[in-house]
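Have a look at the structure below, then the notes.
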Amino acid sequence: MNANSAHLPSYLEQSEAVQARFASIRERDVVLEVRNLNKRFRSTHGEVDALRDINFSIHRREFICVIGSSGCGKSTLIRILAGLEQQSSGEALLDGKPITGPGQDRGMVFQGYSLFPWLTVKKNVMFGPLANGQSTSHAEREALLWLELVGLEKFADAYPHQLSGGMRQRVAIARALVNQPRILLMDEPFGALDAQTRAKMQSHLLDIWRNIDITVLFITHDLDEAIYLADRILVLKPHPGEVQEIIEVPVPRPRSAAQFTSPEFLATKARLEQLIHPAPVAESENEQAVKPHMIRFTNVADNVE
Amino acid sequence: MSTFPKLLRGMDASTRKRLAFGIGSFLLPLLIWSLVSYAPFIWHPKVMVTESGGVDYFQIGMLVDKEMFATEVENMRQAQQALPAGTPANPIYLPAPHEVAQALYRGLFEPLQQTDTLSMPASLWHSIQIIFWGFLISSLIGVPLGVLAGTYVPVGRLAEPFIEFFRYLPAPAFGALAVAILGIYDGPKIAIIVIGTLFQQVLIVANTTRKLEPTLIEAARTLGTRRLQLLSRVVVPGILPDLYRDQRILLGWAWTYLIVAELIGTSSGITWYITQQARYQHFDNVYAGIMVIGLIGFVSDLLLARLSKTLFPWDRSQERR
Amino acid sequence: MQAKHLIGRTLAALSLSIGLATLSAPARADVSVGYSDWPGWVAWQVAIDKGWLKEAGIKAKFEWFDYSASMEAFAAGKVDAVLMTNGDALVTGSAGGKSVIIMPTDYSNGNDMIIAKPGIKSLKELKGKKVAVESGLVEHLLLLNGLKKAGMKESDVILVNAKTNEMPQVLASGDISAVGAWQPIAGQAMKGVPGSRPVLTSADEPGLIYDVLAVNPASAKKNKAEWLKLMKVWDRVVAYITDPKTQPDAVKIMAARSGVSPQEYLPYLKGTKLLSLAEGKKVFAKAAGFKSIYGSTKVADDFNVANGVYGAAQSVDSYIDASFINAN
């Protein structure tokens, strides 16, 4: 990889089409704006800065990925945006109005699916509309529409435990979108899926995003996933959680699996690697304590290599 | 009977195996019991006198220690008197299976001579009513309180320390007070069941409630559920299968309090029947009564378990059983 | 969905039926009496089963209890009268459940006993040996009286406190030379240790313990007529039980109430001396000693104080109302 990077273009170089696209994005309204956001936790080790001075804004129908190693506060960030946690200072504005708690103007998809196990697929999707006081018949019509969009209309009466992981996450997406939120917040939604399903879900998500009026904030720790999906990538650095860089992805759209080896893609990935794993990080104490002592259990002549 | 083999063939191998183990788990203790009862060389620490011989205090049907019997036989031999005879026997506290079976039949099907005393089925029916009301009242208070204590931290902090303390107080000790307040009939008995069940129930239900996955509540909140709706839309349906399981276990506990409850106020019910029969050393009847309670408990729990499959089709923990 | 509704409806119906079955409370009677498993009290069952109470025009309800539960119910004011021993009347009264004794039903005539191990034939031989009794109860009193009569003191034996219910095991354990118990526990103790025999029974000391009908003072005043009628019925009961011709039928009724066979029950009845009203009248004559309920109750009071059952001596006379039995 490092040998190759010498021949790669800079990740900052953008083709004209990509430049034009970013220009048009910047023209659009700002949906979400985060200003001087801080979050401090009180833990057994004293006060910890989970997020420090976070600033960014997202435009309408933009696809933003947040990436960073574990402990960088990316989950805290998305939970504050969802209204599930309160920031210590600063503000987060949705369409210019401060976020104070959870609301149906933001949809959230969790890594663990979080479907209601006692409700059928259809009833899971109907949950939001019903909670917001819509009639059962209206909620049912909406639910079926969104289930069709994620390709699960045949499973409307199944229970979540009867579905595969990928199918469950489709239900979770439909359940979040049926409320027609301004922004879809996704917290490592495909983290628990196998590679094949994950790839399928990624392209499916892009399909959905293309076809409906939705802005996406997507958390991941998978670099390929971030580059494949995002317009811009917000890189967080841990201890304390700070914005390290916001990268405009130079890979042109529409995206496809073939682009994974394109120079733009590799250049972006090289930059991300550099930001996230700068030097070999010291192993944690626990890892150092593990010192295997290899004993030979097979015949001396019985070699596998 | 002819349908039984057909039934067996209809089952798959694992179900058949499980059924075999299930039957075995009952047959094994029965086998041990039968061995101890019918094989004279196993245990049988007593001798039942069949002929008193020259021993002045021996009476036919009397149970004597083996050593004592041997000594007396030796004494009589030396005194050149008639030898006593006897057969090995178990203590009166361990009746044989057939004696218990007979007692069970007598208790369940033979009419009583007296109108005033309750037959075994009537006693049992009375006990079931006590349990029903005790458990219902306890649940009407305990389940909502437990759910609230498990959902809202302040409620839990306010309620649980006292309940934690109170659950150690022996319910039977409140018998006299219960009689003074609630009279001599079923009131105090039901109260003892309630006192015995309620406090455990609150703690167990609160604990079950706390085990609900927190992301389900968060998911509901992001979908626009208001705080008050969370309880009815997420918490209660979310814990329902576990709550049902808790209730089944608690119902079993309620039965254990019956034996003290029925000695309070006017004597009634199946456990009073057992106590009274034990007082007169009728251990065949005692065991019959115990079996009836065991059977009722076992069958009702089996039915409730079946029912839960219909009630909670989404509950995955059932698939493992 | 269909199945769920069906189950719900079945459950609802079931609960309703259980509920209705419980709610049918017994009709209110003029006087209520708590009775328990002692031959002199089970005797009332004859009057109940034969319908003699109704015949006599008494609306009396007899409630069947465990003995201690019956005294609790009386103390709590839930029954108007209770059948107990004169000593227990004092104990119950000292804790606030004051009663007046209006008639005796019987005295123990052998049902209470001190049982010694094989080889010990008299009370005198117990000198220096361990004797188990339940402290403060009837057998304790019986033993002390027996020792006194035999010219001995309490300190001549080593008293061990044990629960009456456990006496059969205590005697069989080997360490103890004698135990005190009443029937049927005494019988079990003797069965358990073949060759053991009673060295002292309540038959040796008739009147040591009287079993009595003790009535709530308020009810005694208010329902005097009812109580008097009830006492008349008692005479009929005693006659029916003691008459050899009708005794088998009476025993059958009593045995069924206690849940045993008539043959088994007969010995317990023999250990009880039922008192007719005429005999009861004699017992209610004021005198010292065990021939009179006054003397017997005084002994019980002294015994209770000495054993710390309650603190101060009580007025024995205030517990006994002879006007009822003398009116009959």
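Chains: A, B and C, in written order; residue numbering restarts at 1 for each.
Operating definition for what follows: a contact is a pair of C-beta atoms (placed from the backbone, for glycine too) under 8 Å apart; a residue touches a chain by one contact, two chains touch by 3 or more.
The structure presented is a predicted model; accordingly, all values stated were derived computationally and were not measured.
Trainee: Would you kindly say which chain has the C-alpha centre located farthest from the C-alpha centre of chain B?
Mentor: Of all the other chains, the one whose centre lies farthest from chain B is A.
Trainee: Which two chains meet at the most C-beta pairs?
Mentor: More C-beta pairs are in contact between B-C than between any other chains.
Trainee: Using CA atom averages as chain centres, what separation in Å is found between chain A and chain B?
Mentor: 54
Trainee: Where the CA atoms of chain A average out and where those of chain C average out, how many Å apart are those spots?
Mentor: That gives a centre separation of 82 Å.
Trainee: What is the distance, in whole Å, between the centres of chain B and chain C, each centre taken as the mean of its C-alpha atoms?
Mentor: 32
Trainee: Name, in rising order, each residue of chain B that touches chain C in their complex.
Mentor: 57-58, 62-65, 68, 112-117, 125, 128-129, 132-133, 136, 175-176, 179-180, 183-186, 263-267, 272-273, 275-277, 279-282, 285, 307, 310-311
Trainee: Along chain B, where are the residues that touch chain A in the complex?
Mentor: 213, 215-216, 218-226, 229, 233-234, 237-238, 240, 312-316
Trainee: Along chain C, where are the residues that touch chain B in the complex?
Mentor: Touching chain B from chain C are residues 3-4, 7, 15, 18-19, 21-22, 25-26, 34, 36-37, 45, 48-49, 63-66, 69, 72-73, 75-79, 118, 184, 188, 191, 194-195, 197, 252-253, 256-260, 264.
Trainee: Can you list the chain A residues touching chain B in their complex?
Mentor: Touch residues, chain A against chain B: 82-84, 101-104, 106-108, 110, 112, 114-119, 127-128, 131-132, 159-161, 175-176, 179.
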